[in-house]
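Each in structure tokens, the structures are laid out below.
Heads up, the next two complexes both have subunit A, just with different partners, subunit B and then subunit C.
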Partner chain A sequence: MKHLVYLGIGIVVTVVFFILSCSDGFNIYEQLFFNQGYNDKMFNLNMYPVIAAITIGLAWGGAAIYYYAINSVKFDRWYHWLAVLGVVAVLTPVVCYIYNDTVFADNGLMYITESIMFELQTVLFAALLFIVASFSMRWWSSNCRHTPIPQ
Partner chain B sequence: MLLMAWVLMAGLMSCGGHGHLEKAVRGILVSGDTTRAAYDSLCALVTDNPGKYGDLLTPEGTLDHKKMYDFIEQIGSQLRPPVHWDTRPYGGVENLSLTVYFERSGSMVPYDSRGGGGQLKKAVNDLINHFPAGSKVDINIVNDGIYPYQHTVDEFLKDRDIYQSTAGVGNASYTDFQLIFNKILEAQRPGNVSVLVSDLIYSPQDTHGVSLDKIFNEENSLATRVFAKYKGKSVVVQQFMGDYNGKYYPYNGVPFEYSGKRPFYLVIIADTDVMDQLASDKRYSGVLDTRAVSNSYRFNQGTATVDCRVLPEWKDNAGRFRVKHGDGIVLTKCDGDRQTGKLCFTLAANLGSLLKDDALLTNAANYDVSSIDGYTLAIQPIDQSMVTANNKEYLQGMTHVLTLTGDLKSPRDEVRISLRNELPAWVRQSSSTSDTSTGGSFATTTLGLEQLLGGMFDAMKGGNSFFDVTIQLQR
Partner chain C sequence: MRLFLFAIGGTGSRVLKSLLMLSAAGARPLDENGKPLRDLEIVPVIIDPHKANEDLKRTEALLNDYRDIRRRLYGNEPNAEGFFANRIVTLREIMSNTSVTLSDSFIFNLGAVENAKFREFIGYDTMNEANQALTSLLFANYQLENKMNIGFVGSPNIGSVALNEIKDSNEFKAFSNIFRQGDRIFFISSIFGGTGAAGFPIMVKNIRQAANLEGIENRDALSRAPIGGLTVLPYFTLEGSKQDQRIATSDFIVKTQSALYYYKNTLTGDNDSNVNSIYYLGDQVRSKPYLYDPGEHGQRNNAHLIELIGALAPLDFAGMPDSKLSDPDGYPLPTAAYEYALAKDELSINFLSLGRRTRQLIYEPMCKFHLLFLFLTTGFKDIIGQGFTEDAPKIKSDFLASQFYRTLVDHFMEGYAQWLTEMNDNMRSVALFKPGEVDMAHAIEGVDVKKRLLGHYKVDNDVLKAEMNKLSKNNPKYSEHSVEYKLMDLFNQAAHNVFVERYENIN
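The block that comes next holds the complex of A and B.
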């Protein structure tokens, strides 16, 4: 039951993150980095939900792969888990940047510096969501349920 | 539970019941492809999916253009900055009718001489042609009275010597503006645009021995009296320059031959809502903003709401600010420039709908700017070289950029900009008090123009300003 509560909290946190990433008023992506022209275009081109979905997908996907695909006693130490977090944290801004750049290029827009700055914050969000996802799903892993912190 | 979460997010990512249509509208508004063809593609999307978009259809199953306009407005208002697309003209709105009153006095005939450039006739032909095909057009000849033109509109357009073909109509020796304006205003029906083509020289009957001052005062009062009587009317006076070859009849002077340029005018009279439609409806875009116009002025224009957007990326911007989205223009987190401490921000505005000439709009002295920190205004027209891919969205449909600069000292400030409603300088510059010789500014002035238009101004002054914009600043 306790584990289901963890999973429920993880899902709620993720959904709240998604809602806040799409909002016009308080937008979570506009709190750490803000450039009026760049952010307005992100909003108008409906890119925030996609960036948020990529971040959520990679964080939850990365955690799922670690706990249920890798799921090996050879990789059940905290640093193995940390390595997967690192891969997710690096992969997310790269994928987001490619998406970002493709959409901007299709619309004839040029925001290279702003895109790089913006994508840096997805490192933080991806890492946080990976931790949330880990604590939501680790309990049913046969070999890695005690990673990163034994409980 | 995971599946439920993904379904929820997928739902959030889609856009409610009109997902595909909303995406299409958003795409058009963001790309700026606000054309008739784009609107038709949206209409096709709705009519091809009556089950999905039934609420945008009439009970008969045809597209409800009003609902479609409201839907597009709703999507546009959610964008940053909000985008407006007036699709109403595409929705089968009834055409306006046009009534032309062509002055045929002695001093008008030389404007259409065979050797001249024919600017007068071209201005009238263009006016008629700028009304959509199928519009009802009537033509009248005016001097001591109003007389219907006895031929068809096509014959009028082809007529190379309009004064020859209307010779003998009425008494060409004087022009009674009181009678003409009264008749025009009286005869005007809803949806009608009446246009007087004239040199606007007041030449009443029996003026022997009457001083010019007396005539000017009479002209001024009659203009005020006539236009004050008819409420809800709006008038646009357009000044053109045309070739004049022939005899000129000065006030109480000896007629003389003149060959050169002379001003003539189109006085466009309509109900205020019809004039607003003329200004905004793209079907009539050539009527009020024709290139041949030297100067123009719209009488009885209330304080308008001008479409304004803050330009986040602009070469003149200094310091930092963040635009708060919602009602009004609010700049939050304002911070002065690190070196100078000044805050400089720029607005793009659509001043085209005000129908004012650029000399008036771009002169900062015509504006009142009030604020605690003493912001100053600089204004310039937008040209294509200013438009880049990144700022296109903000400059789209805008005509001028207004740059405000001030010392950011107060924690909160309110900058108010208003364009004063005054008779423009060109009226005074185009007016003369004597027309007995061709010297001086004879080629560019009209006898008593300031008194005539001044009288109209007194009768029809709208608000104290043509538009007001308020910007809230917060540190």
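The block that comes next holds the complex of A and C.
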């Protein structure tokens, strides 16, 4: 039961993150990096929900792969988990950047520096969501349920 | 049911050691339906005046370790599954009558015998001249001068006199008080030495004639008790000694013949019901020669196949249905004799050399115990803090310093490794497991791991750990148990699953 509560909390936090990333008023992506022209374009081109979805997908997907696909006694130490977090934290901005660049290019726009600055915050969000996902789903893993911190 | 197990002399101690190893592995007596016997308590009593005997000391230490480990695992519960399943207790532990003073030991106190020369014991110096002359005819001078704290140096004629004192001992009284109808008695002794050859018939005589003894309770139950015995025939040789010929390999057969005739006339004859089941065990292939030592230097003989096979006898006897031992009125049936044969007459014995029935009894338990030995000695300490060790109750790093762990790994497992090595180095060589092999997939001699799509299955600490993780997940069973129980029970189940899934089935 306790574990289902953790899963529920994780899903709620993730949904709130998604809602805040699409919001016109308080937009979570505009709190750490704001450039009027760049962020307006992001919003108008409806890119925030996709960026958020990529971040959520990679964070939860990475955690799922670690706990249920890798799920090995050879990779059950905290530093193995940290390595996967690192991969997610690097992969997410790269994928987001490629997406940004493609959409901007399709619209005849180019925001290289701004995009790089923007993607830095997705490193943070991806890492945070990976931690949330880890603590939501790890309990049912046969070999890694005690990683990174024992129950 | 209680099985009172009298291990007499050096061979008795060594067979008992093998029984301990089998019990630690989880081998249990099976009833006629092949189910493990319930409510069994084994009460070993070592009878040997030679207290400095290294074989006795090693067995006693292992018995105490076994008892400590088992108590920590299962408390006083007689029925357990897995490692250390058989409950082994001292007489003191199960006696309720405190009027008899008894030490909490597996060793029969032969104080009066141990501390005297044989001539002092029989009062030779106080005999008249005629009796002294008669005594000198019956006993050689070195036998009269023998100080009995080194045993009877292969002289059953000394033993038969000295051990007759047993019936007056506190241990015998305690045993007779504890013994109840339904309990059984088993003797382990050799027939070609001194202590065992003499002790077995004397003990049987005293039990069967309990009605004539003073201060003995349960006389009727004792005189009707189902009695079994393992009589070990010559199986080892001694290095010759030119200066001292008190014990000589060349005498073993003659002594055996004489004792067998005596047994036939007094214990195991056609219509004799003193002993209900007698197991004869010997080997024409003799061991590597043991160091000649009549007792002064401690007598330490390597473990041997015969002792391992011999340890199956009490298990077989315990599982025997009552109908094979007593008539419908409860009186003991005449002696039935049993022998043992290997499936393959080889000099190097592995599990495939043993018969199917033996394999069914010991193959899986011994393999699982060997995996436990490898697991605890090669990888366990590195996995503390991960996986199943973090499930409640948690196994923390201080567990490695606990009394239980140290007794199990530093003492018992060391004894186990030594036992395996000694049997492996002996003749016939018992090569159940490859010596020094830490790769679990290749540790069992003559048995491979199964093939799978690409190559063979792996068996290693990671595989076992993963299986234990799986079994431990959300398992409420262990929350009420100790960490010791959790570790051993989880490993037992995991090893069973891995064993069935990954090793070839030879049963």
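The criterion applied here is as follows: the second predicted complex is superposed on the first by the 151 of 151 C-alpha atoms of A that agree within 3 Å, B and C clash if a C-alpha of one lies under 4 Å from a C-alpha of the other, contacts with A are read in each partner's own complex, and residues count from 1 in each chain.
The working rule: a residue touches a chain if its C-beta (ideal position, glycine included) is under 8 Å from a C-beta of that chain, and two chains touch if they have at least 3 such contacts.
The shown structure was predicted, so the numbers you read here are calculated from the model rather than taken from an experiment.
In the superposition on chain A, A:Tyr6 makes contact with neither subunit B nor subunit C. When the two structures are aligned on the shared chain, A:Lys41 is found in touch with subunit B, with no touch to subunit C. Within the superposed three-chain model, A:Asn143 lies in touch with subunit C and out of touch with subunit B [touch as defined at top]. Looking at the shared chain after the overlay, A:Asp76 reaches subunit C, while subunit B stays out of its contact range. Using the contact criterion defined above for the overlaid structures, shared-chain residue A:Ile19 touches subunit B, although it does not reach subunit C. Using the contact criterion defined above for the overlaid structures, shared-chain residue A:Tyr68 touches neither subunit B nor subunit C, since it reaches no partner. In the superposition on chain A, A:Tyr99 makes contact with neither subunit B nor subunit C. Subunit A has no residue lying at the interface with subunit B in one structure and with subunit C in the other. Listing the residues of subunit A that touch subunit C in their complex gives 72-74, 76-77, 140, 142-143, 145-147, 150-151. Considering their complex, residues 4, 7-8, 11, 14-15, 18-19, 22, 24-25, 34-37, 40-41, 43-46, 49-50, 53, 56, 107-111 of subunit A touch subunit B. Those residues of subunit B whose C-beta lies close enough to touch subunit A in the complex are 1-2, 4-5, 8-9, 12-13, 23, 26, 30-31, 78-81, 310, 312-313, 322-323, 325, 389-391, 393. Every residue of subunit C that touches subunit A in the complex is listed here, in rising order: 383, 385-387, 390-391, 394, 462, 465-466, 469-470, 473.
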